Amino acid sequence: MQKLKVGIIGAGRIGQVHAKSITYHIPQAEIIAVSDIYIEGAKKLAEELGIPNYYQDYHKILDDPEIQAVLICSSTDTHADIACEAAQAGKHIFCEKPVDLTVAKIKKVIDAVNKAGVKLQIGFNRRYDHNFAEIKRLANAGKIGRLQTIKITSRDPEPPAIAYVKVSGGIFLDMTVHDFDMARFIGGEVEEVYANATVMVDPEIGEAGDVDTALVALKFKSGAIGVIDNCRRAAYGYDQRLEVFGSNGQASAANDTPTNVSFIDETGNSSDKPLYFFLERYMQSFTDEMTQFIDCVVNDKPTRTTVYDGLEALRLGLAAKKSVEEHRPVKLSEIEG
Amino acid sequence: MQKLKVGIIGAGRIGQVHAKSITYHIPQAEIIAVSDIYIEGAKKLAEELGIPNYYQDYHKILDDPEIQAVLICSSTDTHADIACEAAQAGKHIFCEKPVDLTVAKIKKVIDAVNKAGVKLQIGFNRRYDHNFAEIKRLANAGKIGRLQTIKITSRDPEPPAIAYVKVSGGIFLDMTVHDFDMARFIGGEVEEVYANATVMVDPEIGEAGDVDTALVALKFKSGAIGVIDNCRRAAYGYDQRLEVFGSNGQASAANDTPTNVSFIDETGNSSDKPLYFFLERYMQSFTDEMTQFIDCVVNDKPTRTTVYDGLEALRLGLAAKKSVEEHRPVKLSEIEG
Amino acid sequence: MQKLKVGIIGAGRIGQVHAKSITYHIPQAEIIAVSDIYIEGAKKLAEELGIPNYYQDYHKILDDPEIQAVLICSSTDTHADIACEAAQAGKHIFCEKPVDLTVAKIKKVIDAVNKAGVKLQIGFNRRYDHNFAEIKRLANAGKIGRLQTIKITSRDPEPPAIAYVKVSGGIFLDMTVHDFDMARFIGGEVEEVYANATVMVDPEIGEAGDVDTALVALKFKSGAIGVIDNCRRAAYGYDQRLEVFGSNGQASAANDTPTNVSFIDETGNSSDKPLYFFLERYMQSFTDEMTQFIDCVVNDKPTRTTVYDGLEALRLGLAAKKSVEEHRPVKLSEIEG
Amino acid sequence: MQKLKVGIIGAGRIGQVHAKSITYHIPQAEIIAVSDIYIEGAKKLAEELGIPNYYQDYHKILDDPEIQAVLICSSTDTHADIACEAAQAGKHIFCEKPVDLTVAKIKKVIDAVNKAGVKLQIGFNRRYDHNFAEIKRLANAGKIGRLQTIKITSRDPEPPAIAYVKVSGGIFLDMTVHDFDMARFIGGEVEEVYANATVMVDPEIGEAGDVDTALVALKFKSGAIGVIDNCRRAAYGYDQRLEVFGSNGQASAANDTPTNVSFIDETGNSSDKPLYFFLERYMQSFTDEMTQFIDCVVNDKPTRTTVYDGLEALRLGLAAKKSVEEHRPVKLSEIEG
């Protein structure tokens, strides 16, 4: 079998995760080049994994006719431009989320991808998480019945640096975007958003024009309702849960923990807190989303998470932002799409 | 010790619960009369528990100078009037929730109670539930830290009869009222309410002008936020949970179940669903609230749940109703108080 | 309906429990007399519950022709003699466990009961515990399949006073006797016993000729095997669990706890330890066993836990004792029966 | 850094597991040869992982002066001989369990290893399992206090083929050997063993001279007691649990499951059964034990699981076998050591 030739653009934390998934777990593909504007990072990763080429300039990857697919793992502000170029170069694309913080640029990517006829998968990895995928399976199997209420808990162990907060687009575009995608994954299209938001974690976040604690109420087109609960800092760690209520029953995903040990003494029963953060909690999902992407490219299947999903999650984020600014429920149709 | 002499007005389901609590568990009090407009009910309860007097007309209870305290367990529409009369008669009052469906009548009760200098405790029994009381204890002890988010899950196993729905005042006054009180119990005063509501369980409920599935987003005066999730029918039973997130940690109350047995075979691991409904789930809390009421009267302490708590829970219900009608967040200050 | 007239012999802790069960929860019966060698105890209980007669001498109860059933709740050394006298007096008998510490005296009770044709129920209350009864139900329903292994965990929060240890007959007759009955309840007759025993909790228990930590391996007549794990002091409280493994699956009962609250902070996830001791954990079972006894008498049904069950549990205790003394497996057939 | 050169003898299931651990997760080592008497297996693994050499004859690995360490993953009957040869060839050794089914041959390995001064680590992978390692950590930290009782549950989802059963040495040498090592890992040296054993799963296992369901009671030298519960087939899957009771508290490890999802409907609450079998449950431990072995060799540390541990686990198995045959407790000192 001929292996799919892959290039990775961006050798940071998430680029390394995907590079290892392909090298260790996906025999149908091989990485033949990696680039990073910080070339030492590219070199280090290339050496560690035996990747034959490394570059500073990602164009060398796009220009390599051998390379069939690229993974865009660079900083968010570069995603859309590189994706357009990659599409023009005829490469299939795996693009980290968010595609961009503006609707306009995502639509350019949609156009470029459609025109080139290449595949694009967005890195909404949580759809591949063992727990959430199982709930989706239960829903698809009709076990839950007609969906009534969807509740998403998504709290980080600690806030990002203030410098990052300032360029992040705000909590709804940066953090909730994953939860909006989860809401759509389980409940379908959303019609309306209402957000309560506050600064409870760190006043500096407020001074930076952002919020750190939020509740987003959702109305789905199906008639179902939902809520997303976010916080930039949960003292007890990374809290990633989902509850789905329907006419037949309710499915819920608890957090994953390092061990299943409990210890009980005169002070009570104690057990582990959740796995520390997304690299620990979602490692399995990163491998599975990459396996899925390679499979879609190799076997010419449609990707399950497209740039359209990236667009809709962004629009929900923009609607939530508008809801806070205008202190009212905002219909998704009010957001350019 | 001289026992406190109690009269019970209303010998229905909840009247019977309180009568048994006093007879079996509260040695400081004794029931010396019971009334019910359906006198056979009063007679049956009197015989079962050895209560010396039973009447059709509750005025006989109010007129009995020996009786020091009354429990108002009649239908909701009679609560306020009887409470006013009881206050005028100098009786201490335990009144089932809701006091009334209008602010005006509750304010009359407040006036009457203040004027007469009698005690009044509202039957917000959930404050006495072992699980919720433990969370309150953790909050008071500073374990949770500064409160950030409060999430209340409150779903019934089955909707009431349509005839009842029509006179109930709607889900927010009838069902959510308990959850509004829980929100205030844990989080203090609420400033603003936004409600999403829909008919997912039974179209007849919609035809009766009510909703059966709702999410109420809350803003507390403290800056904390919250959400109440209601449904008139959960296929899996009575779902009564609470999660409280704060700067130091998170406390959550799971449902109580009939047994702690799990059975595992090749199809998976199975265990009990929640206790069936409020009589099963909250029996301990009914006994404890009554113990507390008797203690307040006998030892001249202020009651922990006053008619003011009844008023505020009603106002929150009215605000939620208005929020649905006007499709916007509603400040509590917009509601007459 | 004519109520069953009951007399209670022994107004100590367990006598009070049964007295309250009948007074508050069993309308088919009424207590008309209570006796205690410490007459103040009998008087106090009589006054609290409105029992019309109290005596120092239990013969006054046996001599009262109105009394149809007696509860023997006096000290263990008096159980057998009183049971024989009660049988001769034609009273139905509820007798606390153990009936006696010798086979000979229990056989006298069997003879007396058979001769008189009265009913006798032994206070093996754990058969009525909601968790263990549910496992029995699963076993009877065939869910577990052919039983393979039965594991009983039974650990006390603290050892009894040394003075009591000295007259208790030792851990196997005093504490394990309940577990032997549970083993028989679930697994049927036992054929052989092997016990490992040691002193880990308190050297004084060893000096008193007893052990405080033990493991008893069981062979059932059915071919199944089992183990009982005892300790006189578990630092974390009263540990009462059961696991039953069969060809189709496994059922297990976890401990009951005061609340279902969990609290999680940066140090981990914590929840309640088990309910403190037998009065807290088994209160429901005490009420249910008494309800069952009254029902058997009133409706002339055979009792579910007979003096024969008391005999067999004692013989298993004696076999375990012999196993430790002789350091070998002991067949139940080696014990006089 | 110079990578440690490793050769793998045996390219079966467990050989493949270790080969992947080294290739994907252990940068300090590289596999330069693999052998298998079924050479196609060696070839396939070599190609998959880019191992430069593959052989039918393992002597080619022992003869390669470049190779510093070998992993013995061949069939059990060859372990001891190959280990002796490897030691003589000056190779460090990772040897799968059991080393051998006879004391005599293990002692030869001990002699060979001591003489050659090479390291040997036995594949008792469960010591590296996240759950059991955490319990060990709690014990070492003094949280559990003085150990009183150790309970090991170890049940397989299905029995091996009868052909394998016949050459396996019996359940105690083949299956319980892991549990004996766990008992020693947690509780230290064992003094005496008593085993109850029966055929409950498959009569063919009995006809093959083996048993399929067993309970082994243990006395530790420390005075603690313990029990191991084995079954060749648990209908609900691979049951691998541990409970450790001490003077300060109790630690217990629950099973790992594929997801943390629970689903509740009118029939009850359901969740996953355990991960299917050892490859699923213990994959993390296989990687961690290999990481540890490579670290011991590279950094010249003593291995944590030596051939002596293999010997003692075997002797405990032989003692359990003798206990069943002679129907009595057997001291470990009765077994040649």
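Letters A, B, C and D name the chains as they come in the text, with residue numbers starting at 1 for each one.
Methods note: a residue touches a chain if its C-beta (ideal position, glycine included) is under 8 Å from a C-beta of that chain, and two chains touch if they have at least 3 such contacts.
Since the structure is predicted, the reported quantities are computational estimates derived from the model, not experimental observations.
By the document's definition of touch, common neighbours of chain B and chain C comprise A, D. Seen from the Cα centre of chain D, the chain whose own Cα centre is farthest off is B. Centre-to-centre, using mean CA coordinates, chain B is 58 Å away from chain D. Centre-to-centre, using mean CA coordinates, chain A is 42 Å away from chain B. Residue positions of chain C touching 2 or more other chains: 235-236, 248-250, 264-266. Residues 20, 23-24, 27, 48, 130-131, 134-135, 138, 143-144, 248-256, 258-266 of chain D are the ones touching chain A in the complex. Those residues of chain D that touch chain B in the complex are listed here as 235-237, 257, 264-273. Remark: chain D residues 145-146, 148-149, 151, 155, 194, 196-198, 200-201, 213-215, 217-219, 223-227, 229, 231, 234-236, 239, 245-250, 327-329 touch chain C in the complex.
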